[in-house]
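Chains: A, B and C, in written order; residue numbering restarts at 1 for each.
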Amino acid sequence: MEFAISILLSGISVGGQYALIAIGYTLVYGILRLINFAHGDVFMAAGLMMVYLSASLPLSVSVPLMVILTVALGFAIERIAYKPLRSAPRMSVMISAIGVSYLLQNLATYVTGGLPQMYPSIPGLSASVTIMGATTKWVTVVTPVLVVILVVALTQLIDHTKVGMAMRAVSRDFETAQLMGIKINSVISATFIIGSFLAAVGSVLYFTNYRSIVPLSGAMPGLKAFVAAVFGGIGSIPGAVIGAFLIGICETIIKGSNWTVFSDAFTFALLIVVLVTKPTGLFGEKATDKV
Amino acid sequence: MKKTNKRGSFIALICVILMLALVVVLENTVPFTSMLFTVLKKGAVYALVVVSMNLLNGFTGLFSLGQAGFMLLGAYTYAIFTIPSDVRDSVFYLFGGSALHISFPEMFESVFGSTGVGGAISLILGVLLALILAGLVAAFFAYLIGLPVLRLKSDYLAIATLGFAEIIRAVFQWDKLGPVTNGANMLKSFPSFTSFNLKDAGGHVVLRLSTLVPFVVATLCIFLIVLLINSSYGRAFKAIREDEVAAEAMGINLFKHKQLSFCISSFFAGVGGALLAMYSNQVQAKVFTAAMTYELLLIVVIGGIGSVSGSCIAAFLYIAASEWWLRGLDENPFLGIDAPAVFRVGLRLVVFSVIIMIVVLFFRRGIMGDRELPDLFRRHKKAAKEVAK
Amino acid sequence: MSENVLCVEHVTMQFGGVVAVNDLSLEVNQGEIVALIGPNGAGKTTAFNCITGVYEPTNGKVDFMGAPMVENFPQGNMKKMYLGEHNGDYTRKLNPTPDRITRLGIARTFQNIRLFSALTVFENVLIAKHMRARQNFLSATFRLNWAEERRMRRETMELLERQGMTHLKDERAANLPYGIQRRLEIARALATEPKLLLLDEPAAGMNPQETQELTDFIRQIREEHNLSIFMIEHHMDLVMQISDRIYVLDFGKLIAEGTPSEVQNNQRVIDAYLGVADDAEN
């Protein structure tokens, strides 16, 4: 029983962390129809920045500073690597995304010298707590709550603000939105800023759990979060969140069994099953191609 | 028109023979420890793998990221079927010996003998058979994987193939399959490129052929790919790349042709994976990551999407730069500049990724665009003619 | 003589709750040039897509050369949502992919030109020959199909000669002027050796002189290739000049059919094109 609860708890917590990354994927895909392969690496970079910032600054300064820097990174990536390719074929943009991912990983290797870095322990999050007999860290409890708050805030933003309306319009029809006078570039930037912000928050939660950061730390969570986004129906925020929680729970169950080798493979198997049986995911909309 | 075509093939044939001869001469005159041979061997292997990826991504327009997975299948198939029986148990010692007891070279040795010319023939035939089987296994898996995923649209296809590669990697690391795959441990002691060096009775190397082997295999495979691309099927692939709806309206069965391209590309990726195993003397599943596929994809982009010769040039350049020319960036005094804070492990790859980003953003057509080497000469001739007029 | 080539029977195409084509029935006979006209958004191209396998119709049937080719009936969610008529008349699901339909002998062009733009004119046409070849990928790779390949190239050359495009054969399709692109698309469709040719707005964007040339061209290919032609067109000059019969579609429904002069004088057609002052009638 205790074991079951602890697995469920950590599943929900991992799922929540994936959810925060998955939203970044789903927002960008909704607007640019681009799998932002670099998003997972932005998440990793956020973790590394925290390691270096907290070494010299108190947490109260380093956390906000890290969030700002991550947002700036996301913004800069879009401006430098994706914006010049706006009219290029989709494949070029995807290749550019892969290039950015490769660059960030290599930069991380260079900066860290290839050695795993220890994430600072954050008082409050790293402390232990016992729930129904299962001992876990506070972060496990905080994550789902924080995710729900952020998602609600985000849906409010999208449904009730001008930026949100513009984002919805652009995701419906890129060209028409542009003709209607929406400043496409600022909307896209806003999307990347929101995505990076959530990834930064996610990184704090995730790396408090898995404290060692290597340059490839972002790749797997990134891919899994993307799968979550597809699973939930790409473009749909609630879909991404539900997908992420499901994947997080399934993954911890598999990790708890003796099929550990397949914990990553499972996610992809799920992805393929979803793509083949219901490519629009749980909450996606069907689109008919015009000939 | 016909005549120039024939003359072109003739010139190409001569160039290839000269290139192979040069490789043999170089290897037997330049000290074999030179980095040149690392570059040539690995470059040839990469050239094949990159061209096979280009067949799929550049010529058929299918954005697949499963290349590393198919290379893994090829590498393991090759290794499993060529490890000599006397060392099998020591390789698989963690799993109490190997479940399979077939070694192709030994199979032929029982026919041709294991020494002298007979031994050489057995080695060549055994390795050849294993390479073909490596390709076939990769192609077979590609066929199975293709059934569900080739119906997906571009970016979904990319992520699904990437996922399959990860699944394959996990399966090969699974300890339950240990007696076959050796789990997460490496496979070794199978025939490698250096096994092809000719030795005299005393065991001294008489003639080095270890660089020739990957060159011959890669050249042959790339030649086949070029023939395919220039055939009616190649045209159908390009039609699919240009416009799927129009291609279908021209009577081209989309699924069948995509499946064909996917399997053929994977076949050669499998052969390339086997060659990579021969190059590095070992196989381990953890090497064949998504990062490897990304690297290959970026080489395709540097060479030019849709250009075979571009892919070959880019493969050699990339390997030369990463293994040789820019190696120094990772070590302090670089070109006499002493700056230990700058020149340390990882700088090479950073410089590399920056170059790649520059190519991706500003030179989107890569080195060759979608042209081939002969096109360049043709253009020169045309220009010369116009000047003469 | 008046052998039936294409017979569309009660075809309905419904997207979600929108009926794009409603109970469409029409026929094209051997050697005829038939036009499908109607205001923008009437469902003409959708009708084409139902015939060529791009869409599967929600309900109805299409026969080609007397044999059933496409057939469908409302299934799944559509059972409840179906708004059209003749529900239950059809019970078979038959929807071949577009390439199979092309193989049967229906070729088409597209409203917005879809050439293989990076390939040459010659390659564009040559690709259409791929489908009828007997080679497989091994024989093609190892050049065992050289006789067939040579025949395909020869036939392509002959076709280009007849279209007067020989001098353009090594041009990239994307570099051609618009009018030539349209003709190349038709040439490419002809290379599939069709019995029926579907043209989707062949004269779109052409000036009167180019339209006149196209009119002659369509007549010419009908004679040379023994074709039946079914086309969507907005240029009334062209339509009235060469059509044997005309069907008029409005809001997905057939509102008139007949010879050019009959259609020209049909009140419903005039209303559809010019609009009816609804309140004036009341």
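Couple of notes before you dig in:
Going forward, a residue touches a chain if its C-beta (ideal position, glycine included) is under 8 Å from a C-beta of that chain, and two chains touch if they have at least 3 such contacts.
The model shown is predicted, which means the values in this text are computed figures rather than measured ones.
When chain pairs are compared by their number of contacting C-beta pairs, A-B comes first.
Each chain gets a centre from its C-alpha atoms; the one nearest the centre of all protein C-alpha atoms is B. Centroids built from CA atoms put subunit B at 34 Å from subunit A. Each chain gets a centre from the mean of its Cα atoms; for subunit A and subunit C, those two points are 47 Å apart. Rounded to a whole number, the gap between the C-alpha centres of subunit B and subunit C is 45 angstrom. In subunit A, the residues that touch at least two other chains are 291. In subunit C, the residues that reach two or more other chains under the touch definition are 54, 110. Among the residues of subunit B, those in touch with two or more other chains are 245. Residues 57, 61, 63, 148-149, 151-152, 154-156, 158-160, 162-164, 166-167, 169-171, 173-175, 245, 290-291, 294-295, 297-298, 301, 305, 344-347, 349-350, 352-354, 356-357, 360-361, 364 of subunit B are the ones that touch subunit A when the two sit in their complex.
Within the complex, the subunit A residues that touch subunit B are 33-35, 80-81, 84-85, 88, 90-92, 94-96, 98-103, 105-107, 109-111, 113-114, 216, 219, 223, 226-227, 230, 261-262, 264-265, 267-269, 271-272, 275-276, 279, 291. Taken together, the subunit B residues at the contact with subunit C in this complex read 224, 227-228, 231-233, 235-236, 238-239, 242-243, 245-254, 260, 264, 370. Interface residues of subunit C, counted against subunit B in their complex, comprise 52, 54, 97-100, 102-103, 107-108, 110, 114-119, 123, 126-133, 135, 137, 140-143, 145, 149, 152, 188-189, 192.
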